[in-house]
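A short worksheet on the structure shown next.
Chains here go by letter, A, B, C and D, matching the order in which they are written, and residues are numbered from 1 within each.
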Amino acid sequence: GAGACAKSEDSDTPAAGGAPASAGAQVVQSAAPGAATCTLEQFGGSKVDLKTAKIGFSQSEKEANPFRIAETQSIKDEAAKLGIPTGNLLTTNANSQFNKQISDVEQMIDSGVRLLVIAPLNSDGWDSVFAKAAAKKVPIITIDRKINATPCRDYLTFIGSNFEEQGKRAADKLAAALGNKGQVAILLGAPGNNVTTLRTKGFKDQIAKVAPDIKLVFEQTGQFSREEGQKVTEQLLQSKSDINGIYAENDEMGLGAEVALKGAGKKAGDVKIVSIDGTKGAVQGIADGWFSAVIESNPRFGPLAFQTATKFFNGEPIPADIIISDREYDESNAKTDLASAY
Amino acid sequence: MTTETVAIRPRLKNWLPAYGVYAAIVLLVLYNVAFTPNFLAWSNLRIQLIQVAPVVIVALGMALVIGTEGIDLSVGSVMALAAALIPLYLGYGVLAAILVSLLAGVLVGLVNGTLVARVGLQPIVATLALFVGGRGLALVISGGRLKDIRNDDLIFLGSGDFLGLPMLVWIAALLVLVVAFVVRRTVFGRRLLAIGGNRPATELAGVPVKRVLITVYVLCSVLASIAGLLAVARIQSSDASAVGLLIELSAITAVVVGGTPLTGGRVRVLGTVAGALLMQLVVATMIKHNLPSSSTEMVQAAIILIAVYAARERKSR
Amino acid sequence: MALLEVLDVSKEFPGVRALDGVSFTLRPGEVHALVGENGAGKSTLIKVLTGVHQPDGGELRYRDEPARFATPMDAQRAGISTIYQEVNLIPLMSVAHNLFLGREPRTRLGLLDEARMHREAGEILRRYGVTTDVRRQLGTLALGAQQMVALARAVMIDAKVVIMDEPTSSLEPREVETLFGVIRDLHAQGIGIVYVSHRLDELYRICDTVTILRDGRVVHTGELAALERIRLVSLMLGRDMSAVRREGFTGFAGEHATAADAAPVLEVTGLSSRRRLHDISFAVRPGEVVGLGGLLGAGRSETIKAIGGAYPVDSGRVAVGGRELKRPTTVRAVRAGIATQPEDRKAEGIVAGLSVRENIALAVLPRLSRFGLVSDRRIDEIVRTYMDRLQIKASGPDQRVGDLSGGNQQKVLLARLLATRPRILLLDEPTRGIDVGAKAEVQSLVDELAGEGLGVVLVSSDAEELIEGADRVVVLRDGAVVGELRGDDVTTEALLQTIAAAAEGETPDDH
Amino acid sequence: MTPIVSDPEAPAAAVAADVRRAERTDRVVGLVQRQGAPAVLIAVVLVAAASFPNFRSFDNAATVLVAAAPLALIALGMTFVIITGGIDLSVGSLYVLGGVVSAYASQWGLLPAFLAPLIVCGLVGVLNGILIAYTGMAPFIVTLAALLGARGLMRAISDEGSTTYLVRSDAFRRFGTGSFLGIGYPVWLVVAVFAVGMILLARTRFGHAVHAVGGSEDAAALMGIAVRRTKVRVYVLSGLLAGLAGAINAAKLGSGVTVLGIGLELDAIAAVVIGGTLLTGGAGTITGTIAGVLLLGVIQNMINQVGNVPSSYQQLISGAFLAVVVVAQTYLARLRRVT
């Protein structure tokens, strides 16, 4: 139950605004007291020295959007910082092909990695990987997307955001911006994607709860891409010209919507946009008045992932879920915190 | 043996293949007029035209290639390459950036054309290599990063108006006219069709077949790179990983639904435009009625089948 | 007693009534000739008999019972076996597999019995004079051998009726004799044979009965021996006998007037190409028709194509009017004035999907255009000129060439060649598979063109045509020149003797 | 006048020498060309084994094989289709659809988990086949429509792809992840299916009919081959194999993942072409296809062995590799053809 321990309302994360080096670093929300933990002993592996062991990182999608670029870079940077030789960090990229990711990871296990950091493309479908990893006692840390399996047996822990929670927070922000009424459109992510599913669920649930007067009149996939987001919004504006708010499940689609709104002659603020990710472009959009708010999904997993692994191999207990506290941007902090956007 | 009636009867029979796609458009428009609010508003029609323009431009090139009994899978990658190059050269001015991206199109076309015409690869295989590798190259060039475009001149091409019509639509319309003219009135056009009809015969007739084929692939790639730079201009950013994704399938669909046979020897330019428009209207209709993407895909499948079934050449055997 | 019979059968294709109330009877042990001009409906009748086409009206009776064949397989199972006009085998499959396709012997497990297939295939083919490795791809065999495989395939099954649509058009003389031997055998076994050919000599040699089709109707049927040759032709053409008698059988007039000392318009020197051509040299003077003789597979087609730039050569030179063609390609050859008419009209000649107009203009588009833009007026002019001159029968310049009859397709192809205003015409089997009328027209055209000073190279498997048409015959074998006949030596006997002598590797006797 | 006869000995001798040389070249070139893909595969494997110690490990080989299993099945079906001169673009979608259906059906046990996807995908294959064989529509277009339609269907039954059915049958799950002699069950299944496929293609009337239809459709019809039925059968076979591939993948992953299979049809075509099967139809080998599939897998494995090749370079390498192999194949084939 990741959702149980999330406290979402206040965004007073200890902003690291001053020091640019650590700008936007991930912060762990708070480990729920009494939640299940996992130790090296429970897991059943042996101690590994990260400085000499082979480590595998499996990226799911091409490093072609800010989130993925920042995520991969963060892992590599942290490894370098810890003095791990480049040859010891194997990285693979599944190019959005799930089967490739499975075989990528299996091949890394075969090649003797002692720790796996995985950014999964999909939450289900990891059976064969777990079987293989379990046989060799390789701990798996999944980042950004959770895998539907048993922690401490199938994998070690999950570090990341709570996507459903992100959807809820976006709903809160949009409801507030609209004064709890109006017509809202959802730009869905790629169909079948867990992120899409959870961000949609969280958003819809929360809207129903906090602002039942808001009508969800339109939901179409924008494939997480700017171009599709723009196209769909253009169609939307023609058939539902009285739309008041747009919830974009990532920043790119939100930015596409912004271009479409401009093209349709709308002024900044006519239609409120709320999106998720926290990229520079979207945060800048808040400053320009097009976006009402952006919920962050922090991709800088490197430090936390390696910290967790180190602790684990030192015998410390590791919580089953390490939920990071995503910040959020709105007009109050968009200008000042622009530097911590990625 | 052949009389006047003989010549006329097949023409009547050919009505459906030739004009079926237009009839389908009319039906769809009528449906929308009845059931979709605001459909006939100029702003809506305008959006449909803008959205269909890049597909039309790519499909024009595809139609030429298909006319030679070929196919070009690499068009999406060419769009990505063009998109990736633009921000790199925008510093030297819009014209420089446009020229460089068109040049990329020329180069890709030369590679494709050479593989098809000189090496003798099957077009689908020859262009598969650049379909895979081209986008990789684009991502290498762009460093994988999406770049915002702030150049007003370029953005004007994507979102500006000229005499009440979007620039995109002007450009697409102009290219349609040019391609139609090339196909109907030029030596190159006739040769292209002859190659599609019977390549060895055309070769023996002394037509420089290889040169014509290479030119066709170059034209197709150049049209794709134009579409790529217009896509950049329109979304005001360059995203080599997303631009032109799967457009080869849309383009082929437009060409075939428009009545151009995959077996070559014939090119229907206006039909291609209509094919693209039909598919655009289908998607728009589904979106406007807020139907899920699964049903959009199934309806598209059905329309492709119906259109091609109506247009198929009946084997008299 | 009739073996196979159709009564009042009609078949219509879009725009053409291919068969119009045709009745036809085949008796056991009869060799029945089916003749008619191109497009008369012979192939269509055969296809109706064998289940390829379903008749629009009329009745089909087989062994005195009404029959209906839905597919060629049905007909085959019933005992009707067919060799179609174009070799209809699978070039990429092995000889043995072609022979047994669809009725392969199987082992007890239901799998194909390859060993048995190869063994039997070898045995069967030997009877037809084909001794090749049966595992070879069929496409690598010479056309004649392929045709023999098709024949073996047709006769192999327990056939009651064997239908042959122009079986000899790609056979060499020796193979023709083998074929006739087979036909005599079948005849003796009481098997009915339908035999289609444009070669009248053959018909008179082996056929008992004849049915003549014209424009989809039967115009005559009866005993062949009783029908005078000239009357047969006049019935086929629908012209009176006197006209046929006046114009003769071939359209060739005789010797062409060429100045013996005129500079050659075409010089071929030492032409060699990997494996197929070896040091071929000859020259053609303006107004001269030089024949290329030899058996099938002798390399005549390759020679023609090599000169026309369509076949890669390793060494040798081709000069037109004294100017050498550097690195010959089809483009350069056409530009230098060489026009090539390929052997395979459908595959390499016409563009079936385009109109008569486009086909004729194809090679000369640059001349008929300005700045790359075509001028319809100029094209129409030239198209009209050639349609008139060659008497091309089409509903108009916009008709699809694929819809024309074979003879007219050939004329369209010739029109395309002539439109380039060539200095040299390379003709590979210009009259293959076209009917008597069209054949004579094409032949007299060749004469006429030579008379206008063109150099012509003529390849023909029809010895008569070669002898009457050519002033000189260069004989090839295995891709090399083995002899040359000139003047009075240009006779059928001399030709056959040269070929035969060369085949035995010795110089033929002086005579 | 005497017929002028050039010395008949000279050309005869030259011909004989020429022919001998030609035959020798033919044999060598022919062998390399027929076995081109296996030859390249062996070369690549040797290079990889020399460069990457880990490549040589048994585990790594087993992983590569298991990973290649679904593509292998799909490429097998594609081989049959391509030999008839057709193409099947719908296999990627059918693969995903098959996986989803299989995972769903696994609640009723192992057998339904295999049968349900076979039925569903086989039916789409029937539809493809009938449309292609009986209406004369181009295979490219029919199967392109099926690609869209099958994906739409898959999304429709999985709540727009957001519902992932988990595999409920333990036996089925064990089939996906278990192994015999250290090699996963899926690989054994694939080996068995390929053995059947080889027999089917080379030693049955159906296989000969497939070749005949691709070699010349008209001739095949005149020789009494049931052309249409043969075509329908190959598309059904292709659909069935795509469904089976989906099923074994679902068993391996333990769920009916919906985000798979984009572009898989092109991988399969590439594998078949690398294997030396002509896209024009009429000729092709299954050993070539196996080699083609494994080549793609090994190249990917090598990239992973290097360990940190950026994703964009990976695509670039794959594209370049594809071009090189196909061009090499074509030149070899051409050498052979000039006889």
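Note that a residue touches a chain if its C-beta (ideal position, glycine included) is under 8 Å from a C-beta of that chain, and two chains touch if they have at least 3 such contacts.
Quantities reported herein were computed from a predicted structural model and do not represent experimental measurements.
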{"item": "Most remote chain, CA-based centroid, reference being chain B", "value": "C"}
{"item": "Rounded Å distance between chain A and chain C, as computed from the means of their C-alpha atoms", "value": "73"}
{"item": "Separation of mean Cα positions, chain D and chain C [Å, integer]", "value": "41"}
{"item": "Euclidean distance of C-alpha centroids - chain B vs chain D, Å", "value": "29"}
{"item": "Intercentroid distance (Cα basis), chain D paired with chain A, Å", "value": "37"}
{"item": "Shared interface positions of chain B, touching two or more other chains", "value": "139, 144, 293-294"}
{"item": "Junction residues of chain C, two or more chains touched", "value": "52"}
{"item": "For chain D, residues that touch 2 or more chains besides their own", "value": "155, 160, 310-312, 314-315"}
{"item": "Pairwise chain contacts under the document criterion", "value": "A-B, A-D, B-C, B-D, C-D"}
{"item": "Complex interface listing, chain A residues touching chain B", "value": "62-66, 69, 191, 217-221, 223, 225-228, 230-232, 234-239, 241, 252, 255-256, 259, 262-264, 281"}
{"item": "Partner chain C, residues of chain B touching it in the complex", "value": "1-4, 6-7, 9-10, 13, 185-188, 190-191, 193-194, 197-198, 200-208, 265-266, 316-317"}
{"item": "Of all residues in chain A, those that touch chain D in their complex", "value": "59, 62-64, 86-87, 89-93, 95-100, 102-104, 106-108, 110-112, 121-128, 131-132, 190-194, 196-197, 200"}
{"item": "Interface residues, chain D side, partner chain B - complex", "value": "87, 131, 135-138, 140-142, 144-149, 151-156, 160, 266, 269-270, 273, 279-280, 310-320, 322-323, 326-327, 330-331, 334"}
{"item": "Residue ranges of chain C in contact with chain B within the complex", "value": "13-16, 39, 52-53, 215, 308, 310, 330-331, 333-335, 340, 342, 347-354, 358, 361-363, 365-366, 369, 372-374, 393-396, 398-399, 403, 405, 416, 420"}
